[in-house]
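The two complexes that follow have chain A in common; it is paired with chain B in the first and with chain C in the second.
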Partner chain A sequence: MSLALVLEQLLNGVQFGLMLFLMSAGLTLVFGVMGLINLAHGSLYMIGAFCCAAFAAMTGNFWLGLVAGIAAAAAAGAIIEVTVIRRLYARDHLDQVLATFALILILSEGVRLIFGPFPLYLNVPDVLRGTVDLGVTRYSLYRLALIGFGIAVAVGLWLLIAKTRLGIQIRAGESDREMIAALGVNIRWLYTVVFALGAALAGMAGALVGAIQSVQVGMGEPVLILAFVVIVIGGIGSIKGAMVGALLVGVIDTMGRFLLPRAFATFMEPSQAMGVGAALASMLIYLLMALVLILRPKGLFPAHG
Partner chain B sequence: MTGKLKAGLAALALTTGMAQADSVTVGMITTLSGGGAGLGIDVRDGFNLALEHAGEHNIRLVVEDDAQRPELAVQIAERMIQSERADILTGIIWSNLAMAVVPSTVAQDIFYISPNAGPSALAGANCHPNYFNAAWQNDMLHEAAGQHANELGYENTFIMAPNYPAGTDALNGFKRYYEGELAGELFTQVGQTDYAAEIAQIRASGADSVFIFLPGGMGISFMRQYEGSDVGLPIVSAGFSFDQDVLPAMGSAALGVINTSQWSPDLDNDANARFVADFQEAYDRLPSLYASQGYDTANLILSALEAADVSDMDAFRDALHAADFASVRGDFEFAANHHPIQTVYVREVVEADGVLTNRIIGTAFERHQDVHGENCPM
Partner chain C sequence: MVEARREFILNAVIVLALFAVPLWALMAGEPFIISLATRVAILALAAVGLNIALGLGGMVSFGHALYFGIGGYCAGILAHHAFSGTPVAFGLSGTNQMLVIWAVAMALSGLVAAVVGALSLRTSGIFFIMITLAFAQMGFFFTLSWPAYGGEDGLPIFVRNQFPGVNTMRPWELFLLAFGVLLVALVVFAMLRASRFGAALMAIRQNPDRAAAVGISPFGVKLTAFVISGMLTGLAGAMMADLSRFTSPAMMAWTMSGELIVIIILGGVGRLCAPVLGAAILVGFETLFGGWTEHWQLWLGLVLLGVVLFARGGVIGLIAGREGHG
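Let's look at the complex of A and B:
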């Protein structure tokens, strides 16, 4: 096991974590500000990827596709908020889960109706193809770009929330919804904007990841489950928590898949060790979540004290 | 008046009675939604095309989506047997779903004809007189890939498959014939989308080639990321990961990959030429090997129904075993364990008329039979 391999796996973990952050940031924002559990967040990820793939195929330009994917996800988010989600804020979480689960089914079937059941083709842009030499190892340029992109978005999001008027309203909305409505902030408009922002982040993650994965119906749900793990670990409603949680989940999942089978192989027959190691590695992040819930039931960075 | 009415009613009863006696219900449980939907849709469309080609037939086909979930597949199977009164079940794509559904189905005196999944347990110790597999035993194409890896001179192959029954069968099948060393062996998760961790290990392993079994979307994700990693080792695989359902989405990454299959669109026989041409016309896309298996499954059932009544189970079973139909893969016969004995070809992914597809470049095995049959008491 060489240093190069460990370094490459660490980079993989960080890249995976940053993409998870894009997903979880929207999820945790929506929960923090509106108190809403949105299971359909994965569908917005899927919409972003499909629109990006379709638009990139039409124009031959990945970047136009990316913009289209983000815009489509944001638009879908805004429409969903106005037509469905708005009616759910006053209801309890079970009703929200039920309604947003229905949205998953509707959106998945809708995407299948429009784009068909077979996966779409979306490739990385030409400038980001190939690998770069990092001295000890070669690393995929596109994944490196994803890391840069993820960090840039995280910084941008932090600036938005810490430095702008919208950010102040979002933070105020997180601490006391009634009070900011009483102060004259248009709370309906704020909710739609926050929901669309979360949707845009999910759509962006979908489009970016879609270029190296399969753009297919149902691609959002596995990521959604991980995103929930991330925000439970990080503390529901906290952007900082989502960042730390996403990086933890990304690195632990990647390193676990890489190291556990090797660890078992030291005292077991190789093919058996592979099976046991792979099975245990897929449980690792849930064990982490359980541990965090035992030690800090509100997550690592609880949003409300 | 009452006499007429009575006669009318009697005639009506007779016709409905006849319709019931004559019509055979085939329940198809397959994956029509989620990441594996392409496979199930191809099986269904292939099956329907065969029914269309047959012209007049007495099959009533009931199709339901299992969403690739075992518990759902079990419920659908129960419903099809209890309320639809299905005589024959078919359609399951995934081996873990087949293991959940098939044993209890065949135990209830219902025939199950598999158009895809062929887990080793059902070919060996758990084989059953009412279970037939019209596609292959899972190991078969992977054994061919192992055999062909020897011929290509690979001596240090890295092998990888998802952690479920068909994945285990794949690696075992490959290792059964492959004579070189293993540079590494990995199980991934079913439905995994990111293979960065695995690709890094391939790069560090010093392998001279890579064998993968990653059907559906998993293969697309892997190939895209593999191409982007510049590892560049040659890939040898079974046809599942490189067929018409995924090739358009994989793009140039798949070009030139060597894979093994019992079928190919350019296979030269009359049944296949008609199948490929008519499938393209009917559905506006090239058929995949899954579609060919759906087509063969339907033709197998049709041929058996012509020879025997499904209610006479022994006669119908013999008629199925005779496999008296023109398979699109050419020669086809059943071994004692109700799994095919067939030729497995070596194919290469090529670009023809702007579309990625497969061309046969050789033969891995003639009249190949799976090894699990010896554990089967039949």
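Let's look at the complex of A and C:
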């Protein structure tokens, strides 16, 4: 086990964490502002990836595909919000879980109807092909770009929420929705915008990750569950919590899968150690989540006091 | 009272239909339909379990697939060792007796439900939903990557387990067994709901503070209900493994937890026979639409969305009116 390998895995973990942040940010915003659990967030991730892959294949340009993916996810988000989600704000969590579970079924089958049952492939753009020399190791340029992109989006999101008029309205909506409605903010429009913003971030994550994985129906759900782990660890409704949670989950999951089998191999038979290590590693983040909830039932950074 | 009587009649019709359809299939020589009815009965049993936590106690567990899977793996692992003649652990041998398997499955899923419940009930609302999901995911990934019992390939049960006086290889007899267990579970549910314990549980769901003020400890009552709920779902898992003669991590997948909730909602939360009707609708939908179009889940999604948005009492609520459950 060399330093180069550890560094590579660590970077993979950070990259994974930042992509999880893009997913979680929307999820946590929607919960924080509207009080809604949206299981269909993973479907928006899938829509972003599919539209990006299809549009990139059509035009031969990854960046046009990325824009199309983000736009399609945002549009899908806005349509879903207006037709279905809007009716769920006043309902209890059970109804929200079920209705958005139904949306997953509908959207997954819808995507399968439109794009066919086979996975699509999305190539890494030419400029970002190859590796860079980091001194001790060479690392994939595209993954490094994802890290940079993730950080840039996070900063942008922070600026949006901390510095703009829309951000003020979002924060006000989190703390007192009746009051800002009374102050003349169009709350229905605000909710649609927030939902579409979250959808755009999810679609962006789907499109970006689509280039290093295959783009297929059902790709959203594993990421969705991880994103829920992230926001529960971070504290639901908190963007800062989502960032910390995403990095924790990304790094711990990646490093666990890398280190645990090796750690067990020091005192067990190699074949057995692989099995035990892999089994434990895949449970690690859920253990972390359970632990956080038991010690701090509202997450690490509770959004509302 | 009209609603209550209507619901009683409806319950009788639902249960009789579940008996009559496979009976007809037996006469007509359609063993496939008998197996479908057995599947409905077992899924309904699992959902009766969840209905205790969700319907009576208001605990939205998004992780009941965990107990379903534990039950399934109990059946699979015990049968596997009985078949190969190897000990399970600590010199204990496997078994192919369903009664023993059921007892182990219920004990183990009850134990796990006690631990999960004790930890999860510290939270509420969305956090409770998510932490139960997290525990189920742990089980899912554990079985997925644990190589000893098949890992992601699952574990086959080569010879269906035995029950005294029943030939479990005959579809009709296996159906009667599952139907009998389901009836017992429905009676348990009804008795529980009518008991002091059930009243306390429903009081806590409606207003935990008032319940505590009159001297009911919410935590103990809820935890007990959660454990009973997990045990019934675990029993159903053991029976499902025997029906399909196969256990796999898919039994613990989060979609399974979702399906169990869907079953209850389709029927009507907290209603006695909601699990039976919901399971019948789900299996019927899958079979009918699955035969016509591979996109049947699209239609299931639309129906589910319709029920959640416009028919909150489920199908039983539509027919029997909104009242009728505590």
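Note that in this section the second predicted complex is superposed on the first by the 305 of 305 C-alpha atoms of A that agree within 3 Å, B and C clash if a C-alpha of one lies under 4 Å from a C-alpha of the other, contacts with A are read in each partner's own complex, and residues count from 1 in each chain.
Everything that follows uses one rule, which is that a contact is a pair of C-beta atoms (placed from the backbone, for glycine too) under 8 Å apart; a residue touches a chain by one contact, two chains touch by 3 or more.
Computed from a predicted model, the values in this text were never measured in an experiment.
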Side-by-side fit of chain B and chain C on chain A, or clash: clash
Contacts of A:Leu22 with chain B and chain C, given as first, second, both or neither: neither
Touched partner set for A:Leu66, first chain B, second chain C, both or neither: neither
Touching partner for A:Gly275 - first (chain B), second (chain C), both, neither: both
A:Tyr142 touches, of chain B and chain C: first, second, both or neither? first
First, second, both or neither for A:Ser108, with chain B first and chain C second: both
Partner chain in contact with A:Ala54 - chain B first, chain C second, else both or neither: neither
Which superposed partner A:Pro119 touches (first chain B, second chain C, both, neither): first
Offending stretch of chain C which, after superposing on A, collides with chain B (from 21-29, 111-119, 147-155 or 273-281): 147-155
Chain B and chain C contact sites that coincide on chain A, given as residue numbers: 108-109, 112, 275, 278-279, 282
Interfacial residue positions of chain A with respect to chain B in the complex: 1-2, 4-5, 8-9, 12, 15-16, 108-109, 112, 117-121, 123-124, 129-131, 137-138, 140-143, 209, 211-219, 222, 254, 257-258, 261, 270-271, 274-275, 278-279, 282
Of all residues in chain B, those that touch chain A in their complex: 32-35, 37-38, 41, 163, 168, 171, 185-189, 191, 193-194, 196-198, 200-201, 203-204, 216-218, 220-221, 224-225, 228-230, 245-246, 248-251, 285
Contacting residues of chain A [partner chain C, same complex]: 31, 37, 84, 87, 93-95, 97-99, 101-106, 108-110, 112-113, 221, 225, 228-229, 232, 236, 275, 278-279, 281-283, 286-287, 289-290, 293-294, 297-298
Contact set on chain C toward chain A in their complex: 54, 60, 62, 119-120, 122-123, 125-127, 129-131, 133-135, 137-138, 141-142, 144-148, 254-255, 258, 261-262, 265, 269, 295, 297-298, 300-302, 304-305, 308-309, 312
